[in-house]
Amino acid sequence: MQTIPFLRKSGEAPFTDRGIKKAGQLLKPWSGDEVRGVAIAGAPLSKTSISHSGAHLTPQTIRAMMHSFSTYSIEEESDLWDHNITDFGDIEMHVTDLFTSQSRIHSVLKDIGAQHSEACVVTLGGDHSVSAAAIKAFQETKGRVGIIQFDAHFDLRNTEDGGPSNGTPFRQLIENGVITGDQLVQIGIRDFSNGKLYHDYAKEHGVTVHTMGDVKRNGLLSLLQKSVDQLKQTTENIYISLDMDVLDQAFAPGCPAIGPGGLDSDSLIEGIQYLAKEPSVKGMDIVEIDPTLDFRNMTSRLAAYIIIQFTLFYSGRKGGL
Amino acid sequence: MQTIPFLRKSGEAPFTDRGIKKAGQLLKPWSGDEVRGVAIAGAPLSKTSISHSGAHLTPQTIRAMMHSFSTYSIEEESDLWDHNITDFGDIEMHVTDLFTSQSRIHSVLKDIGAQHSEACVVTLGGDHSVSAAAIKAFQETKGRVGIIQFDAHFDLRNTEDGGPSNGTPFRQLIENGVITGDQLVQIGIRDFSNGKLYHDYAKEHGVTVHTMGDVKRNGLLSLLQKSVDQLKQTTENIYISLDMDVLDQAFAPGCPAIGPGGLDSDSLIEGIQYLAKEPSVKGMDIVEIDPTLDFRNMTSRLAAYIIIQFTLFYSGRKGGL
Amino acid sequence: MQTIPFLRKSGEAPFTDRGIKKAGQLLKPWSGDEVRGVAIAGAPLSKTSISHSGAHLTPQTIRAMMHSFSTYSIEEESDLWDHNITDFGDIEMHVTDLFTSQSRIHSVLKDIGAQHSEACVVTLGGDHSVSAAAIKAFQETKGRVGIIQFDAHFDLRNTEDGGPSNGTPFRQLIENGVITGDQLVQIGIRDFSNGKLYHDYAKEHGVTVHTMGDVKRNGLLSLLQKSVDQLKQTTENIYISLDMDVLDQAFAPGCPAIGPGGLDSDSLIEGIQYLAKEPSVKGMDIVEIDPTLDFRNMTSRLAAYIIIQFTLFYSGRKGGL
Amino acid sequence: MQTIPFLRKSGEAPFTDRGIKKAGQLLKPWSGDEVRGVAIAGAPLSKTSISHSGAHLTPQTIRAMMHSFSTYSIEEESDLWDHNITDFGDIEMHVTDLFTSQSRIHSVLKDIGAQHSEACVVTLGGDHSVSAAAIKAFQETKGRVGIIQFDAHFDLRNTEDGGPSNGTPFRQLIENGVITGDQLVQIGIRDFSNGKLYHDYAKEHGVTVHTMGDVKRNGLLSLLQKSVDQLKQTTENIYISLDMDVLDQAFAPGCPAIGPGGLDSDSLIEGIQYLAKEPSVKGMDIVEIDPTLDFRNMTSRLAAYIIIQFTLFYSGRKGGL
Amino acid sequence: MQTIPFLRKSGEAPFTDRGIKKAGQLLKPWSGDEVRGVAIAGAPLSKTSISHSGAHLTPQTIRAMMHSFSTYSIEEESDLWDHNITDFGDIEMHVTDLFTSQSRIHSVLKDIGAQHSEACVVTLGGDHSVSAAAIKAFQETKGRVGIIQFDAHFDLRNTEDGGPSNGTPFRQLIENGVITGDQLVQIGIRDFSNGKLYHDYAKEHGVTVHTMGDVKRNGLLSLLQKSVDQLKQTTENIYISLDMDVLDQAFAPGCPAIGPGGLDSDSLIEGIQYLAKEPSVKGMDIVEIDPTLDFRNMTSRLAAYIIIQFTLFYSGRKGGL
Amino acid sequence: MQTIPFLRKSGEAPFTDRGIKKAGQLLKPWSGDEVRGVAIAGAPLSKTSISHSGAHLTPQTIRAMMHSFSTYSIEEESDLWDHNITDFGDIEMHVTDLFTSQSRIHSVLKDIGAQHSEACVVTLGGDHSVSAAAIKAFQETKGRVGIIQFDAHFDLRNTEDGGPSNGTPFRQLIENGVITGDQLVQIGIRDFSNGKLYHDYAKEHGVTVHTMGDVKRNGLLSLLQKSVDQLKQTTENIYISLDMDVLDQAFAPGCPAIGPGGLDSDSLIEGIQYLAKEPSVKGMDIVEIDPTLDFRNMTSRLAAYIIIQFTLFYSGRKGGL
């Protein structure tokens, strides 16, 4: 077999610097063996969105954006190079049968959860509809779940008007008896972005709701500490459902439902760092980014950064990665 | 009740010239009465597309683009001002159950067809999946259909891999026994845009296929005349299914599946003018425009122009409009 | 008259959720009857801008953006559903005679003010030139006005060089004897965005000027309280003239004159909430957004949000809405 | 005075190739002396447009695009390097008084025409409203004018509804007694782009109208020859008014009023080459390009190319340049 | 090793239809074995361009665009599925030493040519500077070359002003004694796009120049037949250097140097089909596409289509693929 | 010589207000005489960037953006109108020999420094590679330099892998013995944006590194004061190297390497104001803005504002401007 100098396979990085390792290189395709530590799986479903959404393109975009970052945290003086992030790949969606797509998200994540009890899977949406399946699978494999949902919206809409959409995942979980309202803490709920009917529903079912006003008055970190304490009273397994539209439009211009009055990105990063250190946190999803609407993939870039920061602090847990 | 000079209701045209009537003003919302002549109905379904598509936004975009044109044909020295185009509005799509959406397209168009036998309905997609429902409804209300399909693609894919999508409408019609292959003439089929398996399928089922090579060698008009003659031997009801991607990418930059080697817009306009005059032509759909990808709505603008030209020549038929 | 299930009139929302009411639905076209509470009127004039501006497109864009928000304030646990916002529509502009356009803005707003003394009209620009006409009409119908102008610029330019443009509204008001300088408080005036000559003019005429430096040192709320107190010493009728370019370019990317060093959106929202509660505030305009330059209508979105927040707190006034 | 090697003044070309001269370099600012040959003058007026237009930006854009071309015609094996194109600069527009702007266009072009009888001025719009002033000035200084108007539209609208706008220039010329209809030949008038009332007006006033259908049937060159012959029977001074929207949207994507069914660019270039050789042609305008809407300045690029081709063949006239 | 149903590796196609094979799948990474038939190699160099160019991104873009096409030619009723196109990958460019980059292009292509005498390599630029290295390597491994250059420009600029850039490749070949002018036929050279000095150079060195005027008068096919005959008198090895800017801006909107007056895409495709059948044609490059400027990758799409059509007709040669 | 009223030379401002002077007018082309005070020089080099960059376009963009600002600081009640900013123009870059380009930056800036000891030159990149040449020239003409580098990245990469690129300037300075590490203070270095190897290098060479974490904990002003004090212990000549990517992506969307977690623009402006007052600060560069990627030139606008603020406070120094 011949080799020819200076010929790189299609798709390889065009330039390599010996001193820079890309966070994207941490992603290792799943080999079929048991996985430990942080892993990702794409759930590229956005036909379930009430409004037009290209969020199914996000898993590939976040993977690409991980190549914008290196593996080295100067703040922690720690290099992630020895830590893999397993990439389970993307769950295959059905072209026209969206309920089949949702079933597949559940079955694949349940299979992953069952086979890889030491893995902390970050599910990459897709829209927020994927969380219903993801959280159900999480609880079935980890035990009773406590959810911290970052979101401008309740996502507690009724399922009769439009079926199980990106507006309904937490309603589905409650109505299907998967969770009770006390298992759910919502953070960042925003003015004029929700219906009163669904606030009533949240109250009736004991969902904890922290509005953006609460966040501004109390600080995100303080609310998170309180939320973790509260959820740990009834569960040891916390799941983060991160709808990126919890952020202000200035910081997440690529969410389908952008608007003013939201969180800034520094606060969110700090919040995720805190949660990554918390041993009870065992799963996460990141949803509601539409790369076709974003500016220079800013929002996917931030999501990639959050995954890396999460990995950094997760790996620092006792027995972390 | 007060009135205040120079106050216009929100949504009214900001400026009116006494000598210019806009083609968009020909659109009259359906009153509930029986309709004659050209009418439009929106079928805003594109979640059924194999690739991401915003084609569900097209009915509203085409309506808006009709305001870019006037009602007066200088070539024919004819003003359409006295001709209404009834606007049946848009068929309501289900958020997550796409088969329900397809059923509704069929049932609504069947209701329209049954109640308005003198109407010539132009269905505005949406993606090409809407044609399966639209043509079935057409035949059920008009009698045996002959189809002239302008398209770069067969749209004869199998329905097992992805269900009834924008790649399968004519396969569905054949497999469900709605039509036999001889009822279908395809024009503009393009190199390296289709699978051999589906060409074999077309041949086996007696579908007539005219490639872009055929169009270039024979001229579009000549092929259309031949096609009309052929279809009229077995039916009196011709339906035009116009997939805008039959056009070259230079002329239809807003189709999801753009490419070189296609038709130019002048030829297509001339072809539609011919078909509009042909009494056997009684229905049409226009599909596969994605306004989120287009340049200055060029492709929807062309679609609007085609509807107006169709109306002009249709109204000139004996007993036309 | 027939009806056909699942057929929606063109322009209707494609999907309706029983638990979500859109703030856009609060807008009710003026019926001709007397109006109370918050109302909007479009003044789509931007040909008067010194630089090219598409700000005449903003009234329609803000209306559309109101459909991005719901009617429910979770922070106040209050639903605006029972409150209408009357939409007077848009004032008809002359194609070529801009002085006629300005006269019409004055006469229409004066008619509205005279006939609807209990209405609080929010005039939607257009560029800042509309404020000269709007404030004159306000004072003629309400009595002596005190103005709180949010702006990066004085807008006190001479009218000889270019006539009554978007750089001159407050100069016109002073020079035409409509107001004296003490009736005007300017907030957010920015470095290197104005001429010394016009600062001198402001000082000579007793205009109160709070720069962005003042805002950062004192806080916006504190300055607003001080300004309201000051203006109330000589008037009971405060008018807010909100030039969106008071905001930093990161928060209002769609203003014609963007730049660094401005206000953040959270502070502005808080400021407007405060003013909405203040009984002396009886009119407002929102100007200088160019939707053709904006990113995803962020700036119009923020303007819509400001109108809704204004309505919320206005309606909470004694005898509010 | 010092000099420093490799320091280029701001604005100079960053790279110079000894073998390439840019057509943009042919533009020489008017020195105050008498001018012969082709010259340009900018009339940056587009506030007079019925729809929002950035056409006032076109003179500067066309100048910039002339730097995309060299001075050498390989087809004619002729280098324009020795021919200057005098650049008179831009006429100063009033910010708010559009009638003053129109007067200035007339007075400046009249001054130029009077002082420079051997110059052939190409006026760069701006919108089509500038032609009324330009043609009036042309006739006042050259004598009775014959006009060849390339256009999709009559531009014969009434002036009562919106004043003297971009829809009215030829109506103004006729109504103000500047020309009679027989002095005007319109070429490229398009279906569904005009009102019947104005076709009637054209007929009543003896305007010659060649539609796009005529162009397609007869060929542009043939129609131009016929038109020149016809106009020369009553005048020796032909003026070309080139509204770029005579072109199909595929070839002129940057016109405010784009649409299908228009001319291709090769035909237009050939037509202009023919007219440039015709000794009776003594003035031109190029209007209705909006650089803010164009794709990569394609339309201004074509306009620049047309000016260069015009200069090439003009300079070949006996006593040309 | 476990497997999980419905899990696809990152980067796999999200949907597979059993009846559609993508032309992109024909690309097979070079295995190290000897290669026969059509192959591609990327030369991602565009820092050598006189103007800013992102043409180094084109090899990856063309590969991606090959997934927009299928493997089946309906016009020839031939499926390319059994034909591989070997993908040698991309030549590694130096970050700052552009002459090293050019040397590597030469050495890699020479290695490929030497080791794979039965391969027909299509080099994907990059800018036109890559052709100097590519043609030198071609001749060194194949024997005396005859070049058919499709181009709006001579690319015969002097190398003293800016070094070996995208304006100089054919000058370099002549000056370095690699070829003499009679080995070069240029087709599509355009008005006002070149310097007279370089036309003189072409004439002095016996380069054959066919302008766009020649193409329009004679037809492209006829000129190509003549050119092939002429070149075959002195060589058996013809190399096609396809600068995409030979096309009109309406058909190749993504070339750095767009302009009017060029070739249409149908003619170019037909020309390439003819050349692919010609046994003396043994190499090609495709250059000067900047994906950052293109519209929806139209120009790269066309390039991909040209590669596929070339492969189709190449494979039909006696002993073809 | 004639004059014609209302005729403005091409390129002149279309409108002039007697009360507004544009900061862009402060720029005066270098006359050849000795220069005092703030001056600018463009170093339009970005082919040296590791990733594709249009940063060579920035000098012209920043100059244009200076016309967005006036000359009057309301905060300081000071008008810069009497202060010129000398514009030395742009250094001519070689098309293909990037090392020659870098040499020219050095030689030109050295010539300027030698001839104009009272000038404070702001070098406008270009990418960060220009700083190696600029700082070397600065030290050679001013004496031992202390550097304050605002940056998300060390820019201390090895020069073997890619030569002297935008990732290596400070490494080059150290390795070439121009500076020792203690002369360099880096501020704003960001997580996951650098390699551990280069952090080790920084430590080994005594470079002072303040991360974004440090900035957030201590405040930028405090760190700057500390850094100035530290550097002044060994030098009287401080040079600011401002890589705009020190800013968060929300505030500098036009940097090639955008990301979250960076500085806000208000803090940076305040920091520059402080440094401008510091007598030891005698030179600056501003690098890494790519206008082809920016949104509405926000980032160049901010750079222009920073130059103006720098000029304001610089001119207030004893013997300032």
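The chains carry the letters A, B, C, D, E and F, assigned in the order they are written, with residues numbered from 1 in each.
By definition in this document, a contact is a pair of C-beta atoms (placed from the backbone, for glycine too) under 8 Å apart; a residue touches a chain by one contact, two chains touch by 3 or more.
Here the structure is a predicted model, which is why all the values come from computation and not from measurement.
In summary, the chains found to touch both chain B and chain E are A, D. Relative to the C-alpha centre of chain C, the farthest chain centre belongs to E. Note: the chain lying farthest from chain B is F, by mean C-alpha position. Between the CA-based centres of chain A and chain E the separation comes to 44 Å, rounded to the whole angstrom. Separation between the centroids of chain A and chain C, computed from CA atoms only, is 39 Å. Listed for chain F are residues 15, 50, 56, 95, 161-162, 250, 295, each touching two or more other chains.
If the chains shown are joined wherever they touch, the resulting network has some other arrangement, not a path, ring, star or complete graph. Chain contact summary for the complex, chain D toward chain B: residues 50, 157-158, 161-162, 167, 189-199, 209, 211-213, 216, 248-250, 253, 257-261, 293, 295.
The touching residues of chain F, when paired with chain D in their complex, are 1-12, 14-15, 27, 29-33, 41-42, 44, 56, 59-60, 63, 87-93, 95, 104, 107-108, 111-112, 115. Considering their complex, residues 47-48, 50, 52, 54, 56-57, 94-99, 161-165, 292 of chain D touch chain C.
By the touch criterion given at the top, residues 15-21, 23, 68-77, 79, 81, 250-251, 265-266, 269, 295-296, 298, 301-302, 305, 308-309 of chain D touch chain E in their complex.
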